[in-house]
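Two complexes come next, and they have one chain in common, chain A, joined by chain B in the first and chain C in the second.
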Partner chain A sequence: MYSLRGWNPLAEASRRWFTLAAGVAVLALAVPWFQPGPYLLYAIDILIFILFAVSLNLLVGQTGMVSFGHAAYFAIGAYCAGILVVTAGWSMPWAFLAGPPVAAFAAFLVGLFCVRLTHAYFIMLTLAFAELIHAVVWKWREVTGGDDGLLGVQTMPPFDTPLGYYYLTLVSVTICLILLYSISRSPFGRICRAIKDNPRRVEFMGINVARHKLMAFVIAGFFAGVAGDLFVFFNRGAFQGIANWLTSAQGLVMVILGGPNYFAGPVVGAIVFKLLDSAVPKFTEYWLLVLGLILGATVLLMPNGIVGFLWGRRASRDGHG
Partner chain B sequence: MDTVVLQMVSSLVSASILFLFASGLTLVFGVTRILNIAHGTFYMLAGFIAFTLTQVTANSPFKFWIALAAAPLLVAALAGLVEVLLLRRIYGRDVLLQVLLTVALIFVFGDLIRLFWGLTQKNVPFPVQLMGSISLDGMRFPIYYTLVMGTAVAIGLAMWYALYMTRWGILLRAATQDREMTSALGIDERRLFSVVFVVSCWLAGMAGVLASPTLSVALGMDMPAVIEGFAVIVVGGLGSLPGAVFSAVLMGFVKGFGILVIPQFALVFVFALMAVVLIIRPWGLMGKPEG
Partner chain C sequence: MDDTVIRTVNLCKDFGGLRAVDRVNLNVKRQEFRAIIGPNGAGKTTLFNLLTGYHRSSSGEIFFQEHNITRLPPHRVCRRGISRTFQITSIFQNFTAFENVQAAILAYEKRTIDLVVPAAGLFRERTGHLLEQVGLEGQAHKLASTLSHGDQKRLELALALAGQPQVLLLDEPTAGMAVKEKPPIVKLVSQVVKDKGLTAIMIEHDMDVVFSVAEKITVMHQGRVIAEGEPQAIRADEQVQAVYLGGEVHAEGRSPGG
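After this line comes the complex of A and B, so read on.
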């Protein structure tokens, strides 16, 4: 259908971005020396949700599919790996590898129903299926632990210390982000962007729109599964709340906060969201009220997010930059 | 046999609530193309307001009726404010922005409800005039159920009359079909949108107050309601009022009898039905295919 020849993702990334990314990487590697202790745990949490938000934005920002059920694949990745360790007695590496494919398969099954639908139907259906998965996680006590959560998900050395787990997370998330960036810049990613702008025209060009949307949905589900995977071993367990609609909504908040039209948008959005999430509750118990006001203001006043706000002044918008 | 009659009646009661809730959702979507995820929040808010009203007027024999009349109106007034100040700015914009603005409403109103009413469950009493029970085929039902079903039927008929017999209804149906054309004909779109949103939230409020004596009013009741409402309008067809009626009854029965088969997972049947409908008719049983 299209050729991959002559495609080099690194050549497409501008030098400026590459330098910036390298700088961030050095900084991230050095975090443990500056800030050991509790901040390291914060950093792990932030990294996990960066991956979650970027995987969601492959759908939202790139393909124009507003999924309101991304938490489901995060939770399936988490619970799958967790159950394999706790109940089936697998060791961490194998369980870790099993989580994302299962999440991707679940996304495939749900995607079969959803991808042909237009905006509003797609939102309702992704939300409905996610709530169904949440109900299963919540009510199927024998397998998932129900309300008590899934406890005792053991890690193994050298990942059982905060420092070891930080590096595992950093390396995994970095690899996933590079892959997601390459995907967003590949011919496939360009077709996704074209689908967002004008699906009918893409169809006229002889490209199967539904199949590409399904592929995007499965890929996003896979990477959400990786994030869930990292989450379950980080917390040594999982609880039903992660499959909740609120987790899906948080993902969307991260995307809009950072800027859905930029690859770096959800990265910035996830960092800002997580910082607010840990700072605001120290001042008020009404964190959702504050979040709602921030979200409303972002939607009405800054719909291109923080990155769009900063970047938009310097360069004209060229989609994912 | 007894359980069948029992489940039929309770299915019809839940169908009534579902219809009131989902018809508002589908009306707003049909006209403004906004998927109001905060619809359940207005439903929940009406329940809390009804609780407070019945507390304030605790000595009056008509306290429930006062709540039933006033709470949906208060919710509708609030909705009017929300429409004029916020929603109006995002009509025709990106779906992501529309959805997240309604999510922002869920967050803000959810926390405000927690601020005013706290986390405990609230119970709204049955109206004293309808305290007793009637027996049908040897089974006994609260008389109150007839009020729920009667109100749903009355409002359904009123909506049918308004939509198909009045000038306002013609405009509204025209706007559902082709918004650009209606505004080109000089119809004031903004007023139409405001009225539809206010009426829709009034309907959510009616559903909330009528449901409140049969369940505890509590935080977190909004999202399950919205998801069931989505299921109803997906099956019925987005923007279709007859579809909402038919689908609400269908869903009521699927829920009512699903509980008999797997008590924990009645939701599964609702989703199974939705999945089947989507495979056969992706635009809903009584909707029209887009494009």
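After this line comes the complex of A and C, so read on.
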């Protein structure tokens, strides 16, 4: 046979990934030792938004579906778990498990209407549904607490300390990222990227494109629900702001900043965004202006995001020997 | 009728006030190589879009092996065994040639809701074999967008073949190619069709290509079929010459049916 046999990019790629992942894991496990206290809380927050951004990128970067309403599923996961604890008196583990499936179901219902649309129409309709869900969260005071927020979401030992909750978050997010990574490499993920590239051809390969997109939408909603879940127990409550379009937009910013064409893109994007988000306001009150400049510069100078920029440079350096 | 693979009955398609396909009755037999010719705007591609479910017919019926497929969406038509290529090459530009074909095989094998197993390791043998069949074994790991025009056409053919079709619809397989590039592609197409025992319907403007492969020719003009028959008969048909062929066919002396 010809050269196909010896070619195994998978082994090559996974070796590189394994090294990287092991490094990150050691670092993540060690965070509490050299940075206890408030930084641990930052780390938890960052981890939650890493998961949120990566789940969004399953749609944006992989399937070419630019959802402007991803906050809805984050909020549904958060509020569902929170309400079950506060109102129904469930204990944390059960409420925690209930959040993501409910978020996925909501994504299924919304997706039924959205997945056949493309481009601006898809963006607008996902936004419209998300704002609808936001309005429900905001106005249905008896259930969600409305403006006052949903308060008193109790956790349980050992997760009621920052350290305990950090490890819960770290383990949950890591498991979810591994699952999402495997999805991105799976036949399902391959077809997602094929749909992004050329949906018509996928249709003519015998695939029901709308159904495939719906499935991606539901999976992304599920993992956003996990992130919301982690968020509500971390904050011991939920606030209507997490459901609004700004949260959706933040997710998109993280994806674009890091690089939508790379699995690690939104991970890096979320970290950079969150670090800027906490650092910049200390120096200036014009945080949004700074963010705008950074985003503009990123899009112009690094069209493939931070990861694309670094990866691309490395690739060309390798190319020169 | 038992030998008929594709049959249309009074097939029509209106776009607003324009009738793009007008009462077309097509009858294609098993393992036949049919060419559809006609000037631009004759409704050839629209006919393909109807046959593959991409457009919904305004009236009339389509039968595939005597099953009515008139209202099926494209992915169901494809599953029945009808594959197509497009006039403007339709492949996955951001995939390598190998990944392109692999994706098409995954689709055919209904492995696409698999969320766990890495796709890269699946059906490698078959993917390689199919690439070999269309002569792309040396280009397997090039990005599809970097392939030459001719190789992209080959790749698209491989994508169509991955679905193990019974009928192959080819929309101008040599469109946009230099004269020199055409014969190898034409040879490949006719070879594959013959080897796999496929039924082929081809839209083509290049008369050299048409007369070298077609066993039967359908001529369309303004949405209608104005002539149909063996290549010699079409060549001799005065109406066809008037609307389309002009004098060029007489001057050209290649034997048909090759």
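As a working rule, the second predicted complex is superposed on the first by the 302 of 321 C-alpha atoms of A that agree within 3 Å, B and C clash if a C-alpha of one lies under 4 Å from a C-alpha of the other, contacts with A are read in each partner's own complex, and residues count from 1 in each chain.
By definition in this document, a contact is a pair of C-beta atoms (placed from the backbone, for glycine too) under 8 Å apart; a residue touches a chain by one contact, two chains touch by 3 or more.
It should be emphasised that the depicted structure is a prediction, and the values quoted were computed from it without experimental measurement.
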Does the superposition put A:204 against chain B (first), chain C (second), both, or neither? second
In the superposed arrangement, which partner chain does A:135 touch: chain B (first), chain C (second), both, or neither? first
Going by the contact rule set out at the top, does A:68 touch chain B (first), chain C (second), both, or neither? first
Who does A:60 touch here: chain B (first), chain C (second), both, or neither? first
After the superposition on A, what does A:232 contact: first (chain B), second (chain C), both or neither? neither
State whether A:119 touches chain B only (first), chain C only (second), both chains, or neither. first
Could you say whether A:107 touches chain B, chain C, both of them, or neither, answering first, second, both or neither? neither
Just chain B (first), just chain C (second), both, or neither: which does A:191 touch? second
Chain A partner contacts - residues on chain B that touch it in the complex: 29, 33, 35, 37, 86, 89-90, 93-97, 99-101, 103-108, 110-112, 114-115, 223-224, 227, 230-231, 233-234, 238, 264-265, 267-268, 271, 274-275, 278-279, 282, 290
Chain C - residues contacting chain A, complex: 52, 73-76, 78-79, 83-84, 90-95, 98-99, 102-104, 106-108, 111-122, 124, 128, 132, 137-138, 140-141, 159, 162-163
Of all residues in chain A, those that touch chain C in their complex: 1-4, 7, 9-10, 182-183, 185-191, 193-194, 197-198, 200-209, 212, 215, 219
Name, in rising order, each residue of chain A that touches chain B in their complex. 60, 66, 68, 113, 116-121, 123-125, 127-129, 131-132, 135, 139, 245, 249, 252-253, 255-256, 260, 286-289, 291-293, 295-296, 298-300, 303
